[in-house]
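Working notes, beginning with the structure itself.
Lettered A, B, C, D and E in written order, each chain numbered from 1.
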Amino acid sequence: MSLFELFLWSFVVLALVATVLISLYGIAKRPNLVKKLIALTILGDTANLFVILFGYRLIYPVAPPVLAQWSESGVKELLRKAVDPLPQALVITAIVIGMAVNIFIAFLIIQAHRLYRSVDTREIAKYGGE
Amino acid sequence: MEHAFFIVMGIAIPLYLSAIVIYAIRAIRGPTVPDIILAVDCISFDIAAFMAVLAIYFKSVFLIGAPIILALWAYLLDMYVAKLLVSKEEER
Amino acid sequence: MSTVLFALGSAMILIGGLCDLFGAIGLLRFPNFFLRLHAATVGTIGGAVVPLFGVSLVALGSDFLGSMRYPIAGASAITAIIVLLVAPAGSHILAYAAHKAKLIKWKKVCDHLEAKKP
Amino acid sequence: MIHLVILAISVLIGLVFSYLAITERDLLKAVGFSAIQAVAYAIAFYLLMAPDIVLAYVAISVGIYSALLIFLIRKTGRYEV
Amino acid sequence: MKRTLPLLLILALVVVFAYLFATKGVISAPTELRPLGKFYLEKCMIGGDFAAGSPEAVTSILWDYRGLDTLFETSVFFLAIIGSLMLFSFKVKEVVREQELTLVVRSVTKIAAVMILAVSASIALHGHLTPGGGFQGGSALAVAPLLVLVAFSRKILETSGLSLKRAIVIRSLGLMGILLTALLPLTLGGYIMQNLPIFPKYIADQLTSGSLIFYNVFEYLAVGAGFTAVFLLISIPEKNFVEEEK
């Protein structure tokens, strides 16, 4: 593997790590609840991308793990160039369930806005929450 | 023929990539909200075409379903934002 | 026959790439939103519909794809038709909303929409 | 080789736009930025040979999630203090 | 711009560390299939009639090999949607007049909604042969009512037959179907979430992959109707909610 390929691969991994750190900053430090929701979604997407990245193979004739037509040689060919199917199966449910949980959080934010007339955590903290 | 196709790829992929990067710069600089949404639109359709080109590059028939979905979905954001802007204007 | 299809499709893919680049430069350089809409049309119709039809022609003409060329050709043609249908509607509604919400400062020469309003 | 370059560029766009989406004060602009991030991640999933996930991810994050955020902004107010 | 400086700093740090890592060889890209992935791939592709009944490795892992996992994930989905619906159990005033978008958009939306229905049904029903399945098709299906909701109004959706109550009923039917398909083999001497001994692999010479197609169809209905119900609630303007009298 050449140096440039290694550099690009490390760049991809480190950029994802940086995205995770930025979204953690957004979750922890931004006062607005809607902004916290956006940061939470970015964190979830980046984590999913990481999981997929672990199942990838850095070769050129690479294929998704689906067989077009069954034959003995076709299966051998597929095993030579297919990526790992297990992380993909885990991530599909994670995306849809994460969306459902996000909808639940959004409804909670609307409820907070009805009660306190604000979505700013500093404003809400004035009402005496511990 | 495969060789000729890879030469075409070598010219076309940098064009698409530079176009996507320039659209992204417009989205960063865009002064108003419609500018950003317009850049999102352009990027989405561009990437839909790019995905179809890459499906031949990877020689896989299973990858061709993705551009249909992306092209159908790309104009949703326009409609949401337009609805928000129009309704804000009505309430005023 | 297949060579002709392949050459035509490749040319369309390259034209699409060029249209995309020009549309992007126009989107970057034009001064206000309504002018940028024009560049965006070049970027979407020229830059997405033309190469999608080109991909379908290339897929029909290339032998190295084997039997999977017909699904690729059909799906990319359908995608092209969808883009042709959907992209103008998106631009239209965005321009309508931007005009109605009075977001953009621009030098008017003639504004039919404003004249029609009571 | 070339697909690794495309992957790096898409992840870079994702990084830049997630930073912009998190630091932006106008929430409507932040929705636009996060939509660009979603599209960039969609092509990253595509290059990592996961067409199943592209189908789910594009529908969720471009179609449904931005609608959810815009309804939320419409109910709670557009500007972050 | 105040925000560009930290961004440039982050980018520079990423590039420098990537170069350092590359020269030291800290992170190396995998080129081989991991043993677990190879096991699953080989197991899926055994024989001309496929061990799990499907040539698509992801769907067969999702609903057959790791089926219990997916069943409980679906119950998490169910609970999240139920919680959202519970938070919004207020009285709703009738919406008097709602803004519709222009004629161009309405005409395009009619065509696009039909296209979305067709595409999502094809994704869900071909989920055992090509990429796609219940989750993907369902989330695609949920966009069509959303589109109609935005371009037209809420009232048109309700007069054309898709009210909140009906969406909840459809979602519950989908979940009941999943549960029945999962538990039916127990009474017939099979195993839970195990498709092939009970359900037929081929119907009329078409590969239908045992229970995978039933799971896909029911999940399609459940996910699509669940998201639709949520968006029917969230699209009501805030001033139309009435406080409940104590």
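Basically, contacts are C-beta pairs under 8 Å (C-beta built on N, C-alpha and C of every residue); 3 or more make two chains touch, one makes a residue touch a chain.
In this text the structure is predicted, and so the values were computed from the model without any measurement.
Ranking B-E and B-C by contacting C-beta pairs places B-C first. Taking the mean of C-alpha positions as each chain's centre, the chain lying farthest from the centre of chain E is C. The chain closest to the protein's centre is D, with centres computed as averages of CA atoms.
Seen from the C-alpha centroid of chain A, the farthest chain centroid is that of C.
Spacing of chain A relative to chain E, judged by their CA centroids, is 16 angstrom. For this pair, chain A with chain C, the centres built from the Cα atoms lie 30 Å apart. Spacing of chain D relative to chain E, judged by their CA centroids, is 18 angstrom. Each of residues 3, 5, 12, 15-16, 19-20, 31, 49, 51-52, 55-56, 59-60, 63-64, 67-68, 72-73, 75 in chain D touches at least two other chains.
The residues of chain B that reach two or more other chains are 20, 33, 37, 39, 58-63, 65, 68-69, 72-74, 76, 79-83, 86-87, listed in rising order. Multi-chain contact residues of chain C (touching two or more other chains): 68, 82, 86, 89, 93, 96.
Only residues 12, 15-16, 19-20, 23, 51-52, 55-56, 59-60, 63-64, 67-68, 71-72, 75 of chain D touch chain E when the two sit together in their complex.
Residues of chain B that touch chain D in their complex: 9-10, 13, 17, 20-21, 24, 27-28, 33, 36-37, 39-40, 43-44, 47, 50-51, 54, 57-58, 62-63, 65-66, 69-70, 73-74, 76-77, 80-81, 83-84, 87. Across the interface of their complex, chain D is touched by residues 5, 8-9, 11-12, 15-16, 18-19, 22-23, 25-26, 30-32, 34-35, 37-39, 41-42, 45-46, 48-49, 52-53, 55-56, 58, 60, 62-66, 83, 88, 91-92, 95-96, 99, 102-103, 106, 109-110, 113, 119-120 of chain A.
Touching chain C in their complex are the following residues of chain B: 1-2, 4-5, 8, 11-12, 15-16, 18-20, 22-23, 25-26, 32-35, 37-39, 41-42, 45-46, 48-49, 52-53, 55-56, 59-61, 64-65, 67-68, 71-72, 74-75, 78-79, 81-83, 85-86, 88-89.
For chain D in complex with chain B, the residues that touch the partner chain are 2-3, 5-6, 9, 13, 16-17, 20, 26, 28-29, 31-33, 35-36, 39, 42-43, 46-47, 49, 51, 54-55, 58-59, 62-63, 66-67, 70, 73-74.
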